[in-house]
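For reference, the structures are reproduced in the following blocks.
The following pair of complexes shares a single chain, chain A, combined with chain B in the former and chain C in the latter.
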Partner chain A sequence: MPGDVHEHLVEAIYADAARIADRAVSRPGHQARPTLDRALDHVLTSRIWGFPIMLLLFALMFWLTIIGSNVPSGWIADLLVGKFWPLLRQAASGLPWWLSGLLVDGMYLSTAWVISVMLPPMAIFFPMFTLLEDFGYLPRVAFNLDRAFKKVGAHGKQSMSLMMGFGCNAAGVVAARIIDSPRERLIAIITNNFSLCNGRWPTQILIATLFIGSLVPAHWAGLVSAGAVTAVALLGIGFTLAVSWGLSRTVLRGEVSAFSLELPPYRPPRFWQTLYTSLIDRTVFVLWRAVVFAVPAGAAIWLSANLHVNGVTLAQFLMQYMDPVGVVLGLNGVILLAYIVAIPANEIVIPTVLMLTVLVTGNQGVGEGAGVMFELDSPEATKNLLQAGGWTLLTAVNLMLFSLLHNPCSTTIYTIYKETGSVKWTTVAALLPLVLGFAVTFGVATVWRFLG
Partner chain B sequence: MKAEPIPAGVTPPTEACATCSVYRAANLKKLGVNMEQWDYMIALAGNPNTGKSTVFNALTGLRQHTGNWPGKTVTRAEGGFAYADKRYKIVDLPGTYSLLSTSPDEEIARDFILFGQPDVTVVVADASRLERNLNLVLQVLEITDRAVLCLNLMDEARRHGAVVDDRQLARDLGVPVVPTSARSGEGLPELLKVISDVAAGRVVCRPHRLTDEPPAIRHALNELVTKIRQMHPELPNARWVAMRLLGGDENLAEALRRGEIGGAAVNRPSNPAVA
Partner chain C sequence: MISLPFIVSLLIIAVLLFWPDVGVVARWREARRRALRVRREDALKHVLKCEVNGQVPTLNSVAGALHIRDGKAAELLADMEAHGLVTLGEGRLRLRQPGRELALHVVRAHRLWESYLAEQTGVAEAKWHHLAERKEHQLSPEDTIALAARLGNPLQDPHGDTIPAEGADLPADIGQPLNAAPLDTPVLISHIEDEPEAVYKQIQALGLRPGVKACIFSKENGCIRFWADGREHVLTPILANNLTYVPLPGTTPEDLFDEEFLSELQAGERARMLGLSTACRGAERRRLLDLGFVPGTMIEVDLVSPAGDPTAYRVRGTVIALRREQARLIRIGNRETIPMETAAR
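What follows is the complex of A and B.
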């Protein structure tokens, strides 16, 4: 009976809508969709070409980002770290050593690193991504992924929240609201962290450039690094599907809902406006967030490097504890400590790693008013510093994997709690990727050492 | 967009005005999120990917990110603008295809229109996909008395070779219809004018309503309507609410019981409905 009334209502509305639309719309030329749209869709969502084109487009974006951001990154680092830092140290030489250390070597240096490491790749990558989004390509990606999601027992609309997650996981988690069924919505929320977010792209791009691109001759370096980042992003999609499959076969079993996915028309993006909004909304937003977290993190790191516990600094003390675990995972204590410091924002992982590495490598000059030992004004210099800290190719590969597979940032965790209202599922969503990250890095490190 | 030919050499005044900065500056003041005090509240509803956020941004001067894909806005965004000495608060609702199912985004949209009692609900529709968009328009018209249809993406409809008779549409729907292309700003001055007219009551809507009902439930329906009118006299269409309750809409029943009527209208101390 209630069903009848509902049906009646829906039918009446559809009938009226059809009647009114019919009276108002005429099509003199009787054209259907523009043929260009149709031709594009035919290729972009084709069973054969859909995925290869998607891969090529993403790889192309990473490649442009990598080759485009090297030089400006060097300029900014040269300016902020190479020129301003010594000047600031000089200017602060009248202050007590702990104050100048805290301000200049802690807060200023971490902020300078955030800006030089993150600004150029973001300023290139985000506008390209936004242009692609405005053009209407993302729904086509969702369309291509839809089949895969259905196969693993998840909702096809999850491909949309996944795409949102490539911008920001907190936004991706909120976007899962478009999924009606609570079961499928939970799956989408829990797996959203496998989409690389704004804060993690720069880490991926930098590490791939430094360690993986340098394995091959210079003219291939950009392509190979881009390929590596694409592979990690794809691995993320793979984990999304695999974990969705696992969840829908075990704790979140149920029917797959049917739905229709609308492919919007292709719209020529308004280039300058897109450039402007993506710079303001994404680049400056993410950069600001990174700076806000980098300032206190820089202070905390400096303090931990200068507060002594039983004769060693607090940072060394903590890292000594974490190093054995880190080494087993093919990482190191510095990286693990950096990921704890970076829980509020993934953006500050790299600057934290750099600062901690400076400390570990025994360059006690930092904070004691002694000479400047590293001029990180080129990617090469950054790499030399990391290698001095004991980094190998394995460390780099596993850092890229761990950056993909670890707990979400605190903002995302809080958003998951607000969206699910459940401590249990929030805990699952926070810890599941971390456990996977430990398992995967441990596995890779073990195999690597066995083979090497 | 319109059928009437325009005499050569004469530009329609509205278009000339729209591009004139003096005209716009005098009338529209984009207030961004600054809206402590406002005279009218506007809700922006519509199917996904019809340009609601673009209209929202154009009116408020905010730059909420717009994207070419359905499901971009899942939360309410709020902003404000001033037009002809009145201050307006505008709420961008999540895009939905209907208000009849129970997904969270549809509930947000429905509850806001039904219980938030906006002064004007602007439904943004895709002119090139009118029939499907009208399904939502008709549902919105069932739950509010004051609505404006913003017939957006007229440029795309033209590109697809469709001609939409907005006057016929306005007659059939009983609410003002304004053709726009929000991306290029076309039609927005007219939209503002119509919004202010409906908000101030200078234009009275007679929205299209479903009239027939299954004979079997007529008696029950009438009884329920009387009760709902007593409990919630501020609801614009008790009959629709009754139909939905008889149709088994648990969430709506729950919202009525909780008295969410006050809940959604929290920002409005002057509203007598807030007990």
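What follows is the complex of A and C.
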């Protein structure tokens, strides 16, 4: 008999504990769980309502995040970009142009963008998520979804790290710690990038609104573009399951580990405490890492737009090389270069794309000069600029796909390395989505051109 | 005239080749030495197993067990005799005392390492044997003592083989192949042969483990049908040959057929837990015990996932979800319907 001694010990301890408890604890009424708990559980995990409630709840959470972060994002951008930036420029006017450009237009501005775009959604999403966690709902989600994850050879708790990834992939990768088995944890870490993180939601929403919502009459536009974004997010979940399946049948083959999940009783969440800890533990932590990576990225972007090679800027030089590849993929050189400079933070993709497009088209009268990130006031102006840069519906669709399927940001890559301690798996996690992205965009572009 | 670069490169090559310990030549010799040691120890193991099981080891059987040519086996045995490990006197291959001790150590190290892999790592079951085959040559006697202590001095490895105690002899394998088991008589599966790997994997996938009680009810059409762990299993005789049984006196077939498992419990029912199947072991077993799945506990079905699996069970006031595979490992009895007024409250 395996584990003999241990077993007898545990049995004896339980027998003792039960005897003591029977003597000392009285259970008025019955030991059954409170009726409200049971009723709630029967609805939340019911055959009919379980999945729809789950979808609605998370859709609501994303919607609140997207809607709620618009205004504070604007405020922060106003403050950091509208007020401080001119002041800093003035203060740095004594410095040589290249130094003030590098410091203020490059490093400061990219950091300001990252903070203004990332902070509000994180400050809204993480506390909401933590409240749900505190309430005890997340274990029920894992309970509902376990079957699907079991089928693909992954752990039921992967659904939790997946949802965490919708907020931020770095946080999702850290959340994979709840999975004990190293094999299944690796699967969860590698596939976390397929959860559309909040750095990518703005890109999705903007492109869907500009190019897909405009295909239908105005009163349908909102619904259609929201549907397009949701479709991309669901496609991400599809990729999570498919890639988990592929991994667990090839390089990460192994037994499905034992699954036991405690479903704790529901508790009223401790609101203020939750708010505080989620702000400190998650938001500030993730934001700090993003800022650390945004500073050098800002410098790189500014330099690439101001250093000249053979008479053209480095950025243009690089884009010339990437354009043929980009076109084959149904994208363009601007987007590819933007994704390279945006490795530190996906948030800066759109500002970088706009800046580079201005550089390429030579469009005058917008932006603040070479290498300076900006966002345009109106969506129409943005769309006009992009169309001047040669954008079509195919570019937009493929950008949305590529935004879902590309390498994780450097913060996430670094976190993956920290969590796995392995260069090999970090490389796999970084390159696998990129290869998939190339394959999918290439496929879509080829079919599109064949049909059109 | 020989140029300077030529001499320098010659020197570098010479250094790469002949540097002590890390040079190519040194490494090659070390690898050869290790390979010889592995072959020697494998041969000793083979001879030991033959001796305790009453078989006669021969040069051919050594060559077969090690997958080497007869000539090479002869060379190996001659070398081992020269080192005082075996004797070929009187035309019979026999172990000498140093050889016996070394062979016992290797067997012990192998089985302990398999136990370690089973109990304390997440390594896939099919890989245990292969990994232990390598590790057995690397562990020193001190290592094995430390390993045994860490595992709580287990008596059996995960395949049901006895782990010889330090300094003790290896007992003969007990039991007979399952093919030979009588019909309609409960038996205990005592051992599962882990070679060849493909066969072992199939047996393992069926959830058959040493310690499982089985009862064969038909041997027809080249199929052996038997009942074990609350389910019917079908094996071909080739597969069944890798299972070994010992008789199980005092148990009737009805006892086995009447066994019930937690996976059969329906919503609105409760039952008393009787025990964990032996197929459940290592970290999984400890986890279930720690969660309160101990014999005597009342368990009731609380919720069923919308997809039908997993199921959440109420155990000692907490709710714990288990997949069907886990629930199948928990034996229950006294199954009953929960009275309505209790359920409603």
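Miscellaneous remarks
The rule is short, and it goes like this: the second predicted complex is superposed on the first by the 252 of 452 C-alpha atoms of A that agree within 3 Å, B and C clash if a C-alpha of one lies under 4 Å from a C-alpha of the other, contacts with A are read in each partner's own complex, and residues count from 1 in each chain.
The definition used in the following text is that a residue touches a chain if its C-beta (ideal position, glycine included) is under 8 Å from a C-beta of that chain, and two chains touch if they have at least 3 such contacts.
Since this is a predicted model, take the numbers as computed values, not measurements.
In the superposed model, A:R270 makes contact with chain B only, not with chain C. Judged by the touch definition given at the top, the superposed model places A:G50 against chain C, while chain B stays out of reach.
In the superposition on chain A, A:V10 makes contact with both chain B and chain C.
Judged by the touch definition given at the top, the superposed model places A:N144 against chain C, while chain B stays out of reach. Legend: residue contacts after superposition of the two complexes on their common chain; A:G74 is shown touching neither chain B nor chain C. Common to the chain B and chain C interfaces on chain A are residues 2-3, 5-6, 10, 14, 29-33, 139, 180, 262, 264-265.
Looking at the complex, you find that chain B touches chain A at residues 48-49, 63, 65-71, 74-75, 94, 100-105, 128, 130-132, 134-135, 137-139, 156, 159-166, 168-169, 172-173, 183, 208, 210, 212-214, 216-217, 243-244, 246-249. Residues 1-3, 5-7, 10-11, 14-15, 29-33, 35, 41-42, 45-48, 50-51, 139, 143-148, 150, 156, 180-183, 253-265 of chain A are the ones touching chain C in the complex. The part of chain A that touches chain B in the complex is made up of residues 2-6, 8-10, 12-14, 16-18, 20-34, 133-136, 138-139, 142, 157, 160, 163, 174-175, 177-180, 262, 264-267, 269-270, 277, 280-281. Only residues 118-119, 122, 124-125, 152, 154, 156, 158, 211, 276, 278, 281-292, 294-297, 302-310, 312, 314, 317-323, 325-326, 342-343, 345 of chain C touch chain A when the two sit together in their complex.
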